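Naming follows writing order (A, B, C, D, E and F), and every chain is counted from residue 1.
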Amino acid sequence: MEMHDAKRVEIIIEAALESRLTTAMRGAGVTGYTVLPVKGGSGRSGQWSRAGQVTRGSGMVAVVCLIRPDRLDALLDAAFAVVEPHIGVVSITDAQVLRAERF
Amino acid sequence: MEMHDAKRVEIIIEAALESRLTTAMRGAGVTGYTVLPVKGGSGRSGQWSRAGQVTRGSGMVAVVCLIRPDRLDALLDAAFAVVEPHIGVVSITDAQVLRAERF
Amino acid sequence: MEMHDAKRVEIIIEAALESRLTTAMRGAGVTGYTVLPVKGGSGRSGQWSRAGQVTRGSGMVAVVCLIRPDRLDALLDAAFAVVEPHIGVVSITDAQVLRAERF
Amino acid sequence: MTDILELAAGNLISPIILSFVLGLVAALARSDLTIPEAVAKGMSIYLLFAIGFKGGAGVAAHGIDTTLVLTLIVAGALSFGLPFIGYTLLGAMSKLSTIDKAAVAAHYGSISIVTFVAATSVLEAQGITSEGYMVAAAAVMEAPAILSALWIVARAGGGSKGTVDAGLYREILLNGSIVLLIGSFFIGAITGEDGLETIAPFIVAPFQGVLCLFLLDMGLVAGRGLRDSRGELGLPTVAFGMLMPLIGSSLGLLGALLAGLSPGGAALLMTLSASASYIAVPAAMRVALPEARPSIYLTLSLGVTFPFNLTIGIPLYTAISTAIVGG
Amino acid sequence: MTDILELAAGNLISPIILSFVLGLVAALARSDLTIPEAVAKGMSIYLLFAIGFKGGAGVAAHGIDTTLVLTLIVAGALSFGLPFIGYTLLGAMSKLSTIDKAAVAAHYGSISIVTFVAATSVLEAQGITSEGYMVAAAAVMEAPAILSALWIVARAGGGSKGTVDAGLYREILLNGSIVLLIGSFFIGAITGEDGLETIAPFIVAPFQGVLCLFLLDMGLVAGRGLRDSRGELGLPTVAFGMLMPLIGSSLGLLGALLAGLSPGGAALLMTLSASASYIAVPAAMRVALPEARPSIYLTLSLGVTFPFNLTIGIPLYTAISTAIVGG
Amino acid sequence: MTDILELAAGNLISPIILSFVLGLVAALARSDLTIPEAVAKGMSIYLLFAIGFKGGAGVAAHGIDTTLVLTLIVAGALSFGLPFIGYTLLGAMSKLSTIDKAAVAAHYGSISIVTFVAATSVLEAQGITSEGYMVAAAAVMEAPAILSALWIVARAGGGSKGTVDAGLYREILLNGSIVLLIGSFFIGAITGEDGLETIAPFIVAPFQGVLCLFLLDMGLVAGRGLRDSRGELGLPTVAFGMLMPLIGSSLGLLGALLAGLSPGGAALLMTLSASASYIAVPAAMRVALPEARPSIYLTLSLGVTFPFNLTIGIPLYTAISTAIVGG
């Protein structure tokens, strides 16, 4: 099976900012991503969970984006502008993908 | 802590095909995997979200599979046969696992 | 964009043990993690899914933790003590993160 | 004619229709109002269970008359046949691909159970009775249209790479809605009036209210679909979404006359024939014809035909069936 | 005897039982019918709240009689004691490991609240009254059996690597069902008939209907469990799943006579003793005895004993208690 | 005075309040009792739809009187104005940062719809009528306070890095609660008594019961919030959470006199002014003022002010308004 190098970017961000993030990503030419629900978490801003929906309106989501390595910087710049003033984390992993024409 | 090399395969696929994919995986000898719910996403076939369940029956799922490197090809062949005619993406990451006897 | 080396640890564990795991992680000085819901899966203990909630009380969760490489061992020791007697898997991936001061 | 218009007007300002409109407007205005998926699915299970049970209890009360078998045969034939008409009509009216046309056609052969439910509400409000086994006819009409569409594609050499396997046929025949509808129909038929009495405060009294909230959600989903697929549907395709229900209901009326249904039953068979699926068929299409575009078939079914039937169709079919069958 | 059979037959064609059967059949036929987890949990919260509240309101109306304390003591003793009997019986009947036997035994000492709810419905339908505080007895019986099972494993040197910590005891004692049942019991007892009246259209009128949908879900889950664990349960183990409720209910009857319960209360205590947990105990087992196999204990509890009690058990216990206690 | 105390006592032992207390106690005791998010959201949609519809139907029945416009203007002014008072008061009482103070102030200018719903229940139980359009006043008061808070921060050079864009204003104005409340108000107003009758078994009869379960969930969430933020709220801040509702309700009373509301309407306007948002405003704050700490504003609103209003506030405001406006 032929595999192609790619980057897997995972952005954990407040749900209220999801559409702003994906709009910014599209602005940077990134049209492929997947949004996963998040059940709870903990970080510098404390601990929270969906069951005790009190410390954060509507929780967080994880946005996963597989991208060609040469487009990583554009994506990170766009994403960072949205994430920066807010809580959340951004991580990047080396990956490989099938069906490269899709990325 | 002793760690062992492995591959982490992540397959994002329509929920309607989940059982076909896992059946194919079992057919290729892969019995360990985890299915994560997906909240929304965007790709060549457009954008969708669970809230506006209109553009895709019952959404997508992410199937994550940790596997010994030497069994990767068998898994990818089996998975690709199911995914190929449909929308969705397959990515592979180098990983390490504890408790190697489980894989 | 400046990136910093990190490890991405993913622990798939029964939901009933989630709070024990996160307590152990905090005990090892790890305060940042994200918990994702799991929809189903399969492993040595058989197959299960949220829809047929019969073979496992309240299902499983995936705990994702981004951590500085030098703190990996402390995390794995703490996590392993909780996971060991139970079903579930632990995987580790090399990653990079933005905003290193958060980790 | 004025009668029909009056009926339609009266129908338009019911809480049910207005709830749908509210959802539609909210979605088009991009409000973040949403009904959780689990709650929407819970409501649809409630509606299927209630409508099936009441149909069964009705059969228990009034007995099975000789038209039952005839009705089911006619219903199956309509579901099998309508896709061919739809496919041909689309060929004349639009420039869609073979696979897109077949997928759309499958939707119009199958049915929308909520449209059916809304029609029973309208009949009830007007004091028109109908055969309890019409819910069985609804169940019978869910699946055959899918087979017709697959057959059309195969014959046309459409060359879909989709998956047509034994699993697919099981999924189509044993899909949740069919099983629940038929199952609760039998429970109603077995436990009869006594059974109905014990659970009436659950399945009868609050029914209209649940239907309102469900239609609110339908409006939200339809509105989001319309917004997302803006521009993809050409005018001819939209016209098809209003013409096809008229053709479907005419054939439904014919079938009803053949089977010897009452005016109420005829109105329901017309509604079923006019309605387009938006759950069972789309799911099957994703598996069997993945190249077909949901932005075409779902938007047409949910964003055009569903509101058309809800507002204009149902009162029209009721008026016609009362005039012709009841005459 | 014919009385019992007639009762059982009448019970069998109630909407409640048939809904369970529908779920079972759908799951065994591999239909994709499912009730969303959130909705199922919502219904179980509704049932617990309603049954607790009504029990409390009943106590407020009829006062606490002297048997209350005795009943709770007897209930606790049954929950503590039954696992020892179950463990011994399993030792004689099956080849399960020590840990599996202990885990199964824990389930049969504890209770299934839905079985209890179904029994109250049957009593109501037959016009048999029962003590409102039986819901308190149900709550008391949830946890002790778990302690017995842990003690059995420790004594047998079973060597589970599971986690038994302070957190576990809190989870067992303060698990959601117990807290909700006891809490709503107190709310009902405090607000009494007035309180009941304000919320009766919510917790009384639609109760039977919600129970139907809930049992539909139970049938689906039980059916999927049976399908998945096909072959894992040997015949002797299945037999245990029907014998143990008979032993449990006999001891429950003895306890009821000791405590001086009414025929209705006795039928409920018999049902509680005969029923097997499928929520609280499995959760505790996953933490404390992870080596025990859910495919054994859950399938037995949910796939064998639950339907057994629902169909044969409850009418039997009711008939016996009316004959013996009411005599 | 004794009247007020008696009212408060009677209010305290209602199923509604006790359900809230049960949730609070369960969460503080660290029980795992939880109501699924989807079910809680479903119940809040139900409550909003029901309260909006009933308000609209009330307007249809009694007609729009001249005070409507005045009431809406007064309501808007209260929502705009209260944050300035809150901000100043917090400056005097606490050591919170500018941004924290502004965020808290926004919550108290806006409203809690559940507090409003609870107040209508209390009024109903006492046979006090109120203007149907008070739900429109509630909707009007949701958003303006957020603008005031943003303006305060901008003026104070608070320097938040948050996102204030066109999307934010749309989210604030078209947030789900406002749209649903206003939408169902219009549906009720259009379909009137007839519409209400068809869905009354859904939105009227079981209303109190659903409210109980919803308040159980509110208690759970409030309790978990209090537990998590233990220590973060100083005593002065907690005092603010009880003082501010008194100030708010006084201004609400003034506004009601200005607008010429009935005693019932006045009690509701007092309640709205006294209540603090815990859904719409927190969501907006996460986007616009991310530096503001939810552990302060949410705990204060949900853990202090909400229970204060529920137990002491509502009976107090009702008594005062009946005495002063009704006098």
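In this section, a residue touches a chain if its C-beta (ideal position, glycine included) is under 8 Å from a C-beta of that chain, and two chains touch if they have at least 3 such contacts.
Since the structure is predicted, the reported quantities are computational estimates derived from the model, not experimental observations.
Peer 1: In how few steps can one go from subunit C to subunit D if every step must land on a touching chain?
Peer 2: Graph distance in the chain contact network comes out at 2.
Peer 1: Over half of interface residue numbers shared between subunit E and subunit F means same, under half means different, so which is it?
Peer 2: different
Peer 1: What angle, rounded to the nearest 5°, describes the rotation that places the Cα atoms of subunit A on subunit C?
Peer 2: 120
Peer 1: Report the inter-chain centroid distance for subunit A and subunit D in whole angstrom, where each centroid is the mean of the CA atoms.
Peer 2: 39
Peer 1: Using the touch rule from the top of the page, what residues of subunit C touch 2 or more other chains?
Peer 2: In subunit C, the residues touching two or more other chains are 36-37, 93-94.
Peer 1: What residues in subunit D touch two or more of the other chains?
Peer 2: Within subunit D, the residues that touch at least two other chains are 34, 36-39, 42, 171, 201, 205-206.
Peer 1: Which chain pairs here would you call touching?
Peer 2: All touching pairs, sorted by chain label, are A-B, A-C, A-F, B-C, B-D, C-E, D-E, D-F, E-F.
Peer 1: Under the touch definition given earlier, write down the residues of subunit C that touch subunit B in their complex.
Peer 2: 10, 12, 36-44, 49, 60, 62, 73, 76-77, 80, 83, 89-94
Peer 1: How about subunit D: which of its residues touch subunit B in the complex?
Peer 2: 27, 34, 37, 160-163, 165, 167, 171, 220-222, 224-225, 228-229, 279, 282-283, 286-287, 290, 294-295, 298-299, 302-303
Peer 1: Can you name the residues of subunit B that touch subunit D in the complex?
Peer 2: 14, 16-17, 19-20, 46-47, 50-58, 82, 84-87
Peer 1: Quick one: in the complex, what on subunit C touches subunit A?
Peer 2: Listed in rising order, the residues are 1, 3, 6, 8, 22, 26, 31-37, 61, 64, 66, 93-99, 102.
Peer 1: Would you pull the subunit F residues touching subunit D in the complex into a rising list?
Peer 2: 36-39, 41-42, 45-46, 49, 53, 170-171, 174-176, 179-180, 183-184, 186-187, 190-191, 195, 198-199, 201-203, 205-206
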